[in-house]
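Here the structure comes first, spelled out in structure tokens, and everything after it is commentary.
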Amino acid sequence: MSFDVDVERRIGNADIACRFSAEGGLTVLFGPSGAGKTSTLNMIAGLLRPDRGRIVVDGHILFDSASGIDVAVEKRRVGYVFQDPRLFPHKTVAANLLYGRRDNADTSEFDRIIDILGIGHLMERWPRTLSGGEARRVAIGRALLSDPAFLLLDEPLSSLDRPRREEIMVLIERMRDELGLPILMVTHDSEEANRLGTRTISV
Amino acid sequence: QAHARGPLVLAAASLQESMNAAADAWARHGHPRPVLSFAGSSSLARQAAAGAPADLFVSADEGWMDYLQKRGRLAPGTRATFLGNQLVLIARAGTHGSIALRKGVDLAGILGRNRLAMASYNSVPAGKYGKAALINLGIWDRVRPKVAQADNVRAALALVERGATPFGIVYATDAAASEQVRVAGIFPPSSHAPIRYPVARLKASTNPDAEGFRRFLLSKEAAAIFRRFGFTTR
Amino acid sequence: MLSAEQWGVVALSLKIAGVAIGVTIPIAFALAYLLARGRFPGKVLVDGIVHLPLVLPPVVTGWLLLLAFAPDGPVGHVIEAVTGGTVLFRWTGAAIAAGVMALPLMVRAMRLSIESVDRRLEQAARTLGAGPGRVFRTITLPLSVPGILAGAVLGFARGLGEFGATITFVSNVPGETQTLPLAIYSKLQVPGSEHAVVQLALVSVALSLGALVVSELLARRAGRGFHVL
Amino acid sequence: MLSAEQWGVVALSLKIAGVAIGVTIPIAFALAYLLARGRFPGKVLVDGIVHLPLVLPPVVTGWLLLLAFAPDGPVGHVIEAVTGGTVLFRWTGAAIAAGVMALPLMVRAMRLSIESVDRRLEQAARTLGAGPGRVFRTITLPLSVPGILAGAVLGFARGLGEFGATITFVSNVPGETQTLPLAIYSKLQVPGSEHAVVQLALVSVALSLGALVVSELLARRAGRGFHVL
Amino acid sequence: MSFDVDVERRIGNADIACRFSAEGGLTVLFGPSGAGKTSTLNMIAGLLRPDRGRIVVDGHILFDSASGIDVAVEKRRVGYVFQDPRLFPHKTVAANLLYGRRDNADTSEFDRIIDILGIGHLMERWPRTLSGGEARRVAIGRALLSDPAFLLLDEPLSSLDRPRREEIMVLIERMRDELGLPILMVTHDSEEANRLGTRTISV
């Protein structure tokens, strides 16, 4: 249950540097718009290559410029909820949800997550027909159902109403506690940050 | 016992109607009907030169036959010239008057701002004969700027049929085949090299009927058929 | 309306164009993918070679094919050694000509679609555990379907209309290589056969209209979900 | 390397292909837009007619053009009445043939790009006060640039390679309608002229490679901003 | 300064009906995900045609199914901040901002809005290089600079940090008060809703 991150990367004219070490639970990444939060998550997920640095999650070295380690994205077992929903437009909601699923995953878990997200009635729909909040909930479901070893959540709860938000946070907290998943979450809601964050990091 | 399939004959496109009639006649004698592939002599000669598995080659001029002979693609002793043709000046049907094609005839003046349809005069046989004839008549330099070259002699014929040009130079057989044109003048045979169609069996030939059909093409019976289409025979 | 012989020509044309396009689709897609995504020196050269059959007069392409596939040519040699046969004067040769002539059209259309696939969707798929192969199969390929269909239609139409390379390469052999365009050409050589020409041309048109309708239906089916269509 | 006469052929080919494509681009784009966006009965028919020059053997297209543009043909008649001239045997006629043959390729590529334009961007533009005309000019058109460029390259290459329709329609008149493919064809008809054929074919290839490079540069310029390229 | 809306529309299997009449100032549209908030804004903007109903803003009839009135989108003079940024990908940030601008608009106003949004340094950038919050701020700027007669804001402040949020809300309130713009805003933040909303409507 830990993140050990120390990365540097130049994008355009901006130098993004992020260094933190978080033990256990849920870590909140906090910072103004354009600070480099999304870029940091992309580096941890393996979508953006740091110019220099080291990424260790739960004892697994995912990236280390010194020793030349760079684990492929699909091997990192990340559950990433992007800032935009990024649903696959040519697949139904059901197919989107099942895309990252392991064959041996259990069904009751699936049903419970779908239920909490309130997307059971959307299964046969195409992504482009979803409302903003519905698309976001499907994106959360897709990431949670991919049997991840850790979660990266980029403002996952924006555009959701308060009651739904609460329920989903409870779900995520339960995954953290029951499955022992390290979670890194970006939010702009300081209330949320204070309540959830085992640790809060500012970029 | 006849071969299941007739010999494959590569024949110049301008022989289409007459060769089909000859093949039908041959088939009536109880032989499998030859398979006829019509295209420009140049394409066919190149295919034969590449060693393609065909049986006979019938060319619209001697040049392409020479080309194959030089490359050793002909079965020795099978080359024979069996048809001849005449070169004519055609006009659209329904027009009147004829032009005596003598030395110095003012064809350029008669054309005015119009053009003269010919097959490509540097490449296609009909065009080459036409050019030679116009040079012989001493009017090539003045006519040349007014020439419209078509990719084969039948396309030149079509230009006259459509009224795109008032006159064209084609073979007598072409003029005879079309109801939409008439012969407005005949080029003196001495004004160009003799127009001759050679046939030969290819070395790659395997069909047992090939030689039989080749001989048939040289027969009196076939000659009658070809004359019906306007060819001269020897 | 058509004679039995003409129906034979139609069936042969469909077989040749169909086989040619079926075989060419994966090749074209691979090339399109390479050109859309690859970054390598000499890319413009590959691009140029793909376009060759478009720029060269078809008879030249046919001639080059003839040189390559002749019994003693570089490709024909191998084919003869392996199969004991030749593609010259055979429908297989006609299909090769149709495929080669259709290739540049297919590659361009497919490339256009591949280039407009949102790479972020591929990234998302990879975070969900899909390796490059699965991402290609499940994301890139299906999202390129509009281009594949457009390419297939263009290619099929081009294949049906192919004339110059075919007649130069595999001649005009009835029942083997005499496709609709060659049959039309043969008719055109006979004065006064405009009626037959028009009839055969109308058949060509009907066939390609049919292909168009099928492709539109497929496109609609494939595109139910996403905005592209 | 080339004779002065051959350079003349090259210049003429460039002029004909260039003018043909320049004039055809707006027509093709209008048709592509109609096919991508329009919902009207008979759409498949329009689509089919656009594809015609692709399916028909080029000589038939050339022959149909000849029928239409002959002095007593429906179009030729009008042209003669208006301009007092004819396009037969003129470079303008060759450009018409090249344009017609290139049209289906151009329409397909452009249509593919128009179909992948995100309609929500057009909606956003309208809320910002842009009427349909301005939306088209400032959003739809520029976002379709990849397809326009692809179409232009395909069309230019096709125009440079056009042979069958040209020679049937406007004949082979040196200095007027004798483009590269016609010059190459003439050479091919002469035994033993393979060397000249290869030389001219290489010039064709070089020209289209040049067009490709230019289009890639334009695409890169136009696509600086957006992910498509 | 008023909205008078009564619309009905069927989308897929859902019937969306929304009826409200709001005098003056800023009206907050509140409701769970998928309730039809975005659809309602789209109908008011003219992007979605109601099956039946009537839309009047500030005395101008924009739509009336009874009398067949349906003002074209571009004539409605709406300043619409969409739920997604929808920036024009082929135009720089500057060109995006100027797209809806009138020729006679004054420059000091422009500079002030850019300043408050904090996007002055992004002018030459392409939209795809912007972070989530940067893109959203540009989208807000683009709508505000189009000289609108009324504003439709679909969760405009999600993905922005608190201080920036405050500043932008002050800007919008000032536009409401100084220019007398009627504003309809979707938000899920009840605190925000309570503070801003002259009236709150639930769908």
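Here the chain labels run A, B, C, D and E in written order, and each chain numbers its own residues starting at 1.
FYI, a residue touches a chain if its C-beta (ideal position, glycine included) is under 8 Å from a C-beta of that chain, and two chains touch if they have at least 3 such contacts.
As the structure is a computational prediction, the values presented were derived from the model and not from experiment.
**Q** Please give the intersection of the contact partners of subunit A with those of subunit C.
**A** Neighbours common to subunit A and subunit C are absent.
**Q** Give me the step distance from subunit C to subunit E, shortest route via touching chains only.
**A** Minimum number of steps from subunit C to subunit E: 2.
**Q** Can you check whether subunit C and subunit D touch via the same residue numbers (shared by over half) or via different ones?
**A** Since more than half of the residue numbers are used by both chains, the interface counts as same.
**Q** Centre-to-centre on C-alpha atoms, which chain is most distant from subunit A?
**A** Comparing chain centres, B lies farthest from subunit A.
**Q** By number of C-beta pairs in contact, which chain pair leads?
**A** By number of C-beta pairs in contact, the leading chain pair is C-D.
**Q** So what's the Cα centroid distance for subunit A and subunit E, whole Å?
**A** It comes to 29 Å between the two C-alpha centres.
**Q** What's the distance between the Cα centroids of subunit D and subunit E, rounded to whole Å?
**A** 45
**Q** Provide the C-alpha centroid distance between subunit C and subunit D, rounded to the nearest whole angstrom.
**A** Measuring from centre to centre gives 20 Å for this pair.
**Q** Once you find the CA centre of subunit A and the CA centre of subunit D, what distance in Å lies between them?
**A** So the centre of subunit A lies 50 Å away from the centre of subunit D.
**Q** Residues of subunit C touching 2+ other chains?
**A** Each of 59, 63, 188, 227-228 in subunit C touches at least two other chains.
**Q** So which bits of subunit A are touching at least two other chains?
**A** As it turns out, subunit A has residues touching two or more other chains at 84.
**Q** In subunit B, what residues contact two or more other chains?
**A** Only 158 qualify.
**Q** For this entry, which pairs of chains touch?
**A** Between chains, contact exists in these pairs: A-C, A-E, B-C, B-D, C-D, D-E.
**Q** For subunit A, which residues are in contact with subunit E within the complex?
**A** 12, 31-34, 38, 83-84, 118, 125, 129, 131-134, 136-137, 154-155, 158-165, 188, 190
**Q** Could you please specify the touching residues of subunit C with respect to subunit A in the complex?
**A** Per the stated touch rule, the residues are 120-121, 123-131, 138-139, 142-143, 145, 222, 224-228.
**Q** Which of the residues in subunit B end up touching subunit D in this complex?
**A** Residues in contact with subunit D: 40, 42, 45, 63-64, 66-67, 115, 117, 120, 122-124, 147-151, 155, 158-159, 162-164.
**Q** Which subunit C residues qualify as touching subunit D in the complex?
**A** Those residues of subunit C that touch subunit D are 44-45, 47-48, 51-52, 54-60, 63, 104-105, 108-109, 111-113, 115-116, 118-119, 146-147, 150, 153-154, 157-158, 160-161, 163-164, 180-182, 184-185, 188, 197, 201, 204-205, 207-209, 212-213, 216, 227-229.
**Q** Sort out for me which residues of subunit A touch subunit C in the complex.
**A** Spelled out, the residues of subunit A in touch with subunit C are 45-47, 72-74, 76-80, 82, 84, 86, 88-92, 99-100, 126-128, 142-143, 146.
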